[in-house]
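What follows is one structure encoded as structure tokens, with my remarks underneath.
Note that the chains are named A, B, C and D in the order they appear, and that numbering of residues resets to 1 at the start of each chain.
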Amino acid sequence: MMNARPLPSYLVQRYHGWRATTHAENKAWYRRLAEEGQRPRAMIISCCDSRIHVTSIFGADEGEFFIHRNIAGLVPPYAPDGDHHGTSAAVEYAVTVLKVANLLVVGHSNCGGVRGCHDMCAGLAPQLEEKTSFIGRWMDLLRPSYERQAGIADESERLRAMEKEAVLVSIENLMTFPFVQAAVEAESLTLHGLWNDIGEGVVECYDPETGRFMPV
Amino acid sequence: MMNARPLPSYLVQRYHGWRATTHAENKAWYRRLAEEGQRPRAMIISCCDSRIHVTSIFGADEGEFFIHRNIAGLVPPYAPDGDHHGTSAAVEYAVTVLKVANLLVVGHSNCGGVRGCHDMCAGLAPQLEEKTSFIGRWMDLLRPSYERQAGIADESERLRAMEKEAVLVSIENLMTFPFVQAAVEAESLTLHGLWNDIGEGVVECYDPETGRFMPV
Amino acid sequence: MMNARPLPSYLVQRYHGWRATTHAENKAWYRRLAEEGQRPRAMIISCCDSRIHVTSIFGADEGEFFIHRNIAGLVPPYAPDGDHHGTSAAVEYAVTVLKVANLLVVGHSNCGGVRGCHDMCAGLAPQLEEKTSFIGRWMDLLRPSYERQAGIADESERLRAMEKEAVLVSIENLMTFPFVQAAVEAESLTLHGLWNDIGEGVVECYDPETGRFMPV
Amino acid sequence: MMNARPLPSYLVQRYHGWRATTHAENKAWYRRLAEEGQRPRAMIISCCDSRIHVTSIFGADEGEFFIHRNIAGLVPPYAPDGDHHGTSAAVEYAVTVLKVANLLVVGHSNCGGVRGCHDMCAGLAPQLEEKTSFIGRWMDLLRPSYERQAGIADESERLRAMEKEAVLVSIENLMTFPFVQAAVEAESLTLHGLWNDIGEGVVECYDPETGRFMPV
């Protein structure tokens, strides 16, 4: 394994800073978490984007949120075909093993994944149509949304609509998992759709009454 | 979409606290991030576990790390078969679009995913062998490791060895992606294997000289 | 005083969130409360248990409830022996200085203190019988209840009966305080016995007509 | 038990409001807390005063803090004499059973208990010197502080100094409990002294470096 390298020094320094401060003051709690296991109250599915810190927005402490992050924060539909499905495995673990009470899907503005889907569907990014493009094949999950929003003339509005619809598509897909549906029906799990405006720091939540995302 | 619910109030309060403090202090930076896009220096692949906060350990600010989190922080091998591959899509985006300089794979102690793989391979968790078990099929990625470590008599040592080997398996799998291999060979990308002891807060890094994980 | 440490950062963040939101919105009221003193309408005696938030259940705002919390929410009998009696001091302050109109004693399901008393009386927790066990000596207050409920075959029913009886024992003990008795007789104070089912969120109130706890 | 009365209707209304909102949206979490038990990270000892909401200041959710409240938030010294000691029982339960990681003692401005101690020691409240005064006997715990601060000419400064010293006296007394001392020495428990200005909403924390309370 000659390809693994030592940790870059900018990270070494930060780690030692964390050890000397946050870790030092919470040592007892970290030990208990290690010994007794995690018991998170919520699962959060959000984007890999470096600008989205749900742990910061929700003041999340160690032990509170089980977090899955992928491109655009998408959930594919239930497909138990024996292949590796990282997102489905994470959802299964959170719902059936950890029994989280809340599951939040968090989309965001300026999402590169949604932009890629948009450009691919608009014929502007033919390389994403290649079978070998993992990004393109992942964003296929959102392809129907492009067609539904194609009527919006303004491009930035169209992208925003797709970003928000991505959250709803994921929640719909979540409901195709039998264990999610069962937990929702048993009232042991609630689903929540959120969208975060990175620049303005506004979080909107989907409101089932009005069918729209509303500022929290 | 009647299944989406309003945001629980404990999260509403925390969000408003974040708005009024962290966001208020960093408004200008968030706006620039929104306008100019992200330019993260590193990608981190780690576990969904609620007890692992790589953003905290590495003092990560908004915009610094592109983070993918899945069960056990695994990377599957290159398989461009046209299906949805969330992890591969995230790696492709980080390496080919964002051109991150460092890619860290972070494993950890007390990992429920690795424990599940261990128990499945040891015949103790037959339900994980079912074709419909997403957790089981995801942890199949680590199955060869169970056989390699089966000789370790002490169970907790065996689990720890599997947790660390999971990191190396992921790095090996990363090298099967042509764009990763090319970036590593062009010296525009470095790979790093880390393992975090939750209770003690110690981070170990794989050292290619000695072939062992060493405290940072 | 080298044993006192700085505030852990997870609490620092929350405090600043509160300052910037709840406090900022209610500044005028907090200043009046500081200047004019408190004038609570009720005293609540409840358990220290982290799962019981009477302030949340009763939508309590700053200034409304004078709250004493101890293990199991117990009140000892009147014993003016010159020693330190924290619960008696709190009752005396609420009734004679603040002249609260209502005094609520709130028990709850899954009470660790009541469970401890039960196990101690059943011979299952000999360490609680030690003179040095503060928990055991505190729960002695409920010892007569164990004997009265010992006839209930099902353990969880027996515990529930003891949890509810603890509330009545406390109310009986309250009536042994001359100033409580006088205030009740003067109709300037009413006593109320409540029991809260944590899991179901049901509050039951003791009904003197039927001699039973009834859902509110 | 004819002295227990039905719940006043202003509380009935609030309870039903809570049921329909907070409880309804957190049902799953409350059930898990009931089934799996509490695992609070911290114990808080604060005053019964209706104006102090540590749960609000620290955004405390159900399950997070084990809270003991008594007059002035005092802890008496270790005295295993076989009597009922509510505060000592609460500390014992938090430290030895729940194994909390942090223990916060929170004092506050305009504290009626501290004022009572001050007036009693100054000869202004002879009724508190009576053996039968539970308030007086409880506030005896703070009597030595009156003498230490008696040199401060301005009364409101003197009271403030006593309020802050009360926090330190309690932390000193906490260290006389063998199980507290052992946990602090084993680094499994940290103690924190806080003082809250009700009117201004400022929280100060005792800083062992400077020996003073400093705004957080």
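Everything below uses one rule, namely that contacts are C-beta pairs under 8 Å (C-beta built on N, C-alpha and C of every residue); 3 or more make two chains touch, one makes a residue touch a chain.
The shown structure was predicted, so the numbers you read here are calculated from the model rather than taken from an experiment.
J.: Could you label the subunit B-subunit D interface same or different, taking same to mean over half of its residue numbers are used by both chains?
T.: Different, since most residue numbers here occur in only one copy.
J.: Tell me, please, which chain's centre (mean of its C-alpha atoms) is farthest from the centre of subunit C?
T.: B
J.: Based only on mean CA positions, could you tell me how far subunit A sits from subunit B in angstrom?
T.: 14
J.: How many Å are there between the centre of subunit A and the centre of subunit D, using C-alpha atoms for each centre?
T.: 40
J.: In subunit A, which residues are in touch with two or more of the other chains?
T.: In subunit A, residues 22, 25-27, 31, 59, 61, 102, 190 touch at least two other chains, as defined above.
J.: Using the touch rule from the top, collect the residues of subunit A that touch subunit B in their complex.
T.: 1-8, 11-12, 14-19, 22-23, 27, 30-31, 33-35, 37-38, 40, 42-43, 48-53, 55-60, 62-71, 74, 76, 80-94, 97, 102, 104, 109-110, 112-113, 131-135, 137-141, 168, 171-172, 175, 184, 190-194, 197-201, 203, 205-208, 211, 216
J.: Which positions of subunit B touch subunit D when the two form their complex?
T.: Checking each residue of subunit B against subunit D gives 5-6, 8-10, 13-14, 17.
J.: Help me check something: in the complex, which residues belonging to subunit B touch subunit C?
T.: Touch list, subunit B to subunit C: 13-14, 16-18, 20-22, 24.
J.: What part of subunit A is in contact with subunit C in the complex they form?
T.: Counting only subunit A, the residues touching subunit C are 21-22, 25-26, 59, 61.
J.: Please output the residues of subunit A touching subunit D within their complex, sorted ascending.
T.: Touch list, subunit A to subunit D: 25-29, 31-32, 36, 39, 41, 59, 61, 99, 101-102, 187-190.
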